[in-house]
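Chain IDs A, B, C, D and E follow the sequence of writing; residue 1 opens each chain.
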Amino acid sequence: MTVVACAGYENGRRIADLGIEDCASFLGPPGRFVWIGLHEPSAEVLANLQRQFGLHELAVEDAFRAHQRPKIDVYDRSLFLVLRTARLEGDGVLYGETHVFVGCGYVITVRHGASASYLPVRERCEATPALLGNGEDFVLYAIMDFVVDNYIPIVTAIEDQVDEIDDAVRAGVMSHETIHRIAHLRRELLRLRRTVAPMLDVCGRLQRFDMPFIDPPVRPYYTDVYDHVLHVNESIDILRDVLAAAFETHLLLASNRQNDVTRKLAGWAAILAVPTAIAGIYGMNFEHMPELSQVWAYPAVLLVILAVCVTLYLRFKRIGWL
Amino acid sequence: MTVVACAGYENGRRIADLGIEDCASFLGPPGRFVWIGLHEPSAEVLANLQRQFGLHELAVEDAFRAHQRPKIDVYDRSLFLVLRTARLEGDGVLYGETHVFVGCGYVITVRHGASASYLPVRERCEATPALLGNGEDFVLYAIMDFVVDNYIPIVTAIEDQVDEIDDAVRAGVMSHETIHRIAHLRRELLRLRRTVAPMLDVCGRLQRFDMPFIDPPVRPYYTDVYDHVLHVNESIDILRDVLAAAFETHLLLASNRQNDVTRKLAGWAAILAVPTAIAGIYGMNFEHMPELSQVWAYPAVLLVILAVCVTLYLRFKRIGWL
Amino acid sequence: MTVVACAGYENGRRIADLGIEDCASFLGPPGRFVWIGLHEPSAEVLANLQRQFGLHELAVEDAFRAHQRPKIDVYDRSLFLVLRTARLEGDGVLYGETHVFVGCGYVITVRHGASASYLPVRERCEATPALLGNGEDFVLYAIMDFVVDNYIPIVTAIEDQVDEIDDAVRAGVMSHETIHRIAHLRRELLRLRRTVAPMLDVCGRLQRFDMPFIDPPVRPYYTDVYDHVLHVNESIDILRDVLAAAFETHLLLASNRQNDVTRKLAGWAAILAVPTAIAGIYGMNFEHMPELSQVWAYPAVLLVILAVCVTLYLRFKRIGWL
Amino acid sequence: MTVVACAGYENGRRIADLGIEDCASFLGPPGRFVWIGLHEPSAEVLANLQRQFGLHELAVEDAFRAHQRPKIDVYDRSLFLVLRTARLEGDGVLYGETHVFVGCGYVITVRHGASASYLPVRERCEATPALLGNGEDFVLYAIMDFVVDNYIPIVTAIEDQVDEIDDAVRAGVMSHETIHRIAHLRRELLRLRRTVAPMLDVCGRLQRFDMPFIDPPVRPYYTDVYDHVLHVNESIDILRDVLAAAFETHLLLASNRQNDVTRKLAGWAAILAVPTAIAGIYGMNFEHMPELSQVWAYPAVLLVILAVCVTLYLRFKRIGWL
Amino acid sequence: MTVVACAGYENGRRIADLGIEDCASFLGPPGRFVWIGLHEPSAEVLANLQRQFGLHELAVEDAFRAHQRPKIDVYDRSLFLVLRTARLEGDGVLYGETHVFVGCGYVITVRHGASASYLPVRERCEATPALLGNGEDFVLYAIMDFVVDNYIPIVTAIEDQVDEIDDAVRAGVMSHETIHRIAHLRRELLRLRRTVAPMLDVCGRLQRFDMPFIDPPVRPYYTDVYDHVLHVNESIDILRDVLAAAFETHLLLASNRQNDVTRKLAGWAAILAVPTAIAGIYGMNFEHMPELSQVWAYPAVLLVILAVCVTLYLRFKRIGWL
């Protein structure tokens, strides 16, 4: 099913369900427009729409290619937008793409990959006819708002994980698993940022410049979307900073711990080397070792060993090695 | 209690305490305006004010949502601002949010979370009627000035802690505790910067552009607020640099210390291995070991061991290993 | 062979194959232009063309020098472009350069080094006379599109390698070989970026400014090329970030692993030092060591050694050293 | 003494020493202006001047507060500047602040903290009446030039120390003391940069924009000051880069050295473990060890030990461990 | 010798060799200009020229000071430029400075330090009178082109060294010497960048803005110089990136190698500790050790020792420690 929905609207109310082949004939009286939702459509469907609405050749070509950068192309009195979508699905993030053709009398969305259906947007718009009466520019706003709102739970989920990790680091040194988890989150953030950052340009341009058919009363809505993208983008940057700082902190802690271990190792090695060395000497088989025949020699040597070991131990303790 | 205060002003003097339901009726004669302070108000209160003052729908929607980015929205002849507040409370920092609607004849503040009450601002304004006579734009200035001034003690407190840490680092290598404290401060600075940096945009826009109802005589006051935010922001950046440099310094010191310890360990291990190895040889039980029966053998071996150890010790001392 | 092709076009159709010496005489009727493809031409050929088409002296001088930065020079009503080309050839990347002179009635491409032939571009253009009828500006677009499209497989190939490496890192610590491979990829990315980044300026200028003879209907095509370069450039930046993050992750993992090994070493060294020290003491040859003659002494000592070793082992196990 | 000097000038010549209370009465004839130097003045003095010259309230308020960011405030036809001063005093740097009010007919400097006296500036100006005849804008230039010139010896002093450190690093690995010295210099550079960087904005604005009462003939002088600040700022950035690079170099050297030491330790430990292990075996007290009774056994074991040790030694030498 | 050359030109041809004292009298007929080359001139010479050509006081002051930042000062209808020169001389780089006064009818170059003589520039200009006929702006171009061209061999020389180092790193870990060489190159690049980066501004301003007396036909030449500086600057940045990446790669390799060595050390220490511990036990002198009198005991212990050592060896081999 490539055509998800195709309906005609007049003054903000849905008044006709149209066939895709000749929906342009619905137009004519002012205040009317067609809203078409497609999902990975065939070349014929797009060629048909291109003919009906006079879509630009380059835009139609682009609409077939996935994996594009979010962008906004302005053709005379029509727009072509590439939006990158992302939504949380279980533990993972599903990325998709939506291409939107907007012009006088039509809004056409073309979904690719895991991009979510826009039926909820349509329903919400139809529930507020006063706003939908603003026309095509309001529909475009509603779509973009939906796309951007879907970014927010992803950021929140990553924020939760970062907080967990931060607590873990505070409790001690990171485990291998934590390091891998951080690396994974950093990668996820890079990917998300690649989606969100160019959306910032797109929204910024829609909000700032005199775009065709964005009427003044609708403009504040675009400013609102822009603020949301800005917020998401900023959150991503902060999270990246937090993770980078966690890495640095860990490096310092690990280097401190390495120092501690090496000093402990050195300390005990020194203490234990004392009995070995002294005992080795009295284990030699020379015939003439006068001490060997003394009654007090054995306990004396044991005492000496003990004394040296205790002295070393106390000294190492004092300088903080043990 | 959602309505903290609601008063009518004329030429800089408070002349009436108004009910929230029909305060707009106070307006009319020129030089009059209403200043309303709300704290997490109910939907009805806001809807009522929206009707009375014609607030924009999007602004009212925003005023219910906490956790927004500081921003300034311009609607025709009115402004909607989101300000992020922060103040020192004991050892911690309390973050809050204040939303401000300003337009011809009204200033409405909506506090969320830990945002401090603006009653002191109101009192200070009422104490200088000449300035308050400037009208709504001066009230907005007074609020922003208050918000920004509350940032400064936080920065000062962090600066004091950073100085302490810096002294600690200068005295030697950081302890685990110091590293955790630095990590904590870095995080705190990131959070504070997230609050202050967008305030820079907000103040910058108010100061630079031809904003509705910011009269020329009031503009220098906004420049003043802008300078303060700039100062706070700069201090935060400097502190971040100082802490990052402290981290780097520590890494170098730790790597130097690790080197010292390893060399000490290597040196003593070498010295103590000598008696062990020699004594081991004369501890072997071969029947034919001619040295064993010599009278001078035992003292000679002891001397050799001593000589080798002393030589090694001196050599290691000379190359700086011990 | 320095002259690869030299043909005359009218209204988008090739109507004549021209000699290089007097091809300018073909011009005259409106809608005609000459498209010349050269490969490392001799000075005479270029001097001849300079005379025929009035090319600027500096541009001609530049056309002899390889290893230039991509750039666009505007001379009155003509352009001179330096494009850096790159294409995948086996496992390596071949870099080349193409210089383009464009003006009223002519397009001259001068290839240097490994720059690919533009015959496919010519064929594709001749296959769509309606588009080619746009004239010289469309030819330039077609060339630039070809150059930029050749970057994409290189980025894709590097992306594949980065993904492989990322999997390898996830599986454990990097080998020396992996580190060298990453270093190699980083260098390759630096080199590619040096090619692509200035192309961004070139395409941006062609798309934005009022360039001579880029007619409005052709402009969207340049926007399209610009979007592709932007996409390639962004991909390169992301890859650089990913590799840098992989380096950082590895450093942490390696420091963790070093800690583990050192602690294991310290733990076993301590355990094994116990029997050595105790056995050393009872290996001394004193005549008066009362324990030696006890029947229970030997098993008792063995038990003590075992007990101390097991205790140490369990303790090290509990604190995670073993 | 809060009033350092207060004099009236006409056409570049000092013609009157004025009392602070009614110096504004000196004005009137064109080409006249008053130049007042204050040091931490009392509130009354400033209030008096505010009345006489119509200084802006906010500017006067600021003039009481130290620790401000360098800035320039433009009020109608007058300026208020905050300049941060720094000068070398013995081994340390003394930071201070000077606030300047400039307007038609007056220049007022207010020094805070360690800011140097401007008497030398006054003397130099009075020595060149032709230049001083340019009026208030030239006086402001002279003050700023003096402030900026005082930065230069500080940078030079730090450069000298950095060169010394660089030589020390080249000679080998850094000592703890050197690391601390670098950390100290980095901090000093941060502090100096905090002073100089905003001065860049101040000078840039004075040079670029159409400022009130900066006459065209005086503008090149401001460009000159701007160039000096730019130079100082650039030097600071370079020094920061040099010190950061020194840190990185040291980390590499230290890691190399750590490797060397560890390998040496490992090598000698292996060599010395050989006689210990072999001698240990022949030190066992078994009754039936046939080798023990052979005449050649002892020298043979000694030879084996020697051979193994020498072999190991040579091998470690060859792979560069010893 | 401070006056290197002083000649008068008319329509691109040298028509007179002038004395420095009254060369301005040569001017008058249109198309004439004077080109003077000075090397560290005395104050009198400059004062004389200042009088003759009306040079600005600040420019003349600057012309005495060395160690300035490259800059361009615009005075009404004349320019003052500070150019930093650099050229390869043996293994080192010689830095110098050239100050240029340009105005209607004169070009004056003032060389400081190791700045190369401009006689070759003069000769080359005189060889192409058609170009030199463009006047003073062409002379300035020729000088700047010469200065910029001298940067290129320096960059190439550093590139060669970086390639060598890169090969060395690829072959294994860096030696101390290599690290010092990299540190040296980084410093050299910093110094070179300090020279080139501000030249970028100077050239950019000359190319972009409407400068006095840079006629339209000469402007493309300035664009050409600008492109060269851009190229040099970019090469420097790339080299800095390459060296920084080499440092990072080395850190990873060194940390890997350290791991390898530590694990080898730990492995062999464990293996060799086994015979020492077991032999120690049977070297004890207890009277009642039943095993000692068994015939099979000695070979059995030897076998046990061998078995444990081989098992450990194989196990360490399997986990990659040996």
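Just so we're on the same page, contacts are C-beta pairs under 8 Å (C-beta built on N, C-alpha and C of every residue); 3 or more make two chains touch, one makes a residue touch a chain.
Note that this is a predicted model, so its numbers are computed, not measured.
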| item | value |
| --- | --- |
| Topological distance between chain B and chain C, in contact steps | 2 |
| Fitted rotation between chain B and its twin chain D in degrees, CA, nearest 5 | 70 |
| Rounded Å distance, chain A centre to chain C centre (Cα mean) | 24 |
| Chain B-chain E separation of Cα centroids, rounded to whole Å | 39 |
| Interface hub residues of chain B, defined as touching at least two other chains | 251, 255, 258, 262, 265, 269, 276, 280, 283-285, 289 |
| Touch-based graph of the chains, sorted into line, ring, star, complete or other | ring |
| Running round the ring (origin chain A, first step to chain C), the chains in order | A, C, E, D, B |
| List of chain D residues in touch with chain E within their complex | 166, 169-170, 220-221, 223-224, 227, 230-231, 234, 238, 241-242, 245-246, 248-249, 251-253, 255-256, 258-259, 262-263, 265-266, 269-270, 273-274, 276-277, 280-281, 283-289 |
| Parts of chain B lying in touch with chain A, wherever the complex brings them together | 56, 58, 62, 68-69, 71, 73, 75, 173-176, 179-180, 182-183, 186-187, 190, 194, 198, 247, 250-251, 254-255, 257-258, 261-262, 264-265, 268-269, 272, 275-276, 279-280, 282-285, 289, 291-295, 297-298, 301-302, 305 |
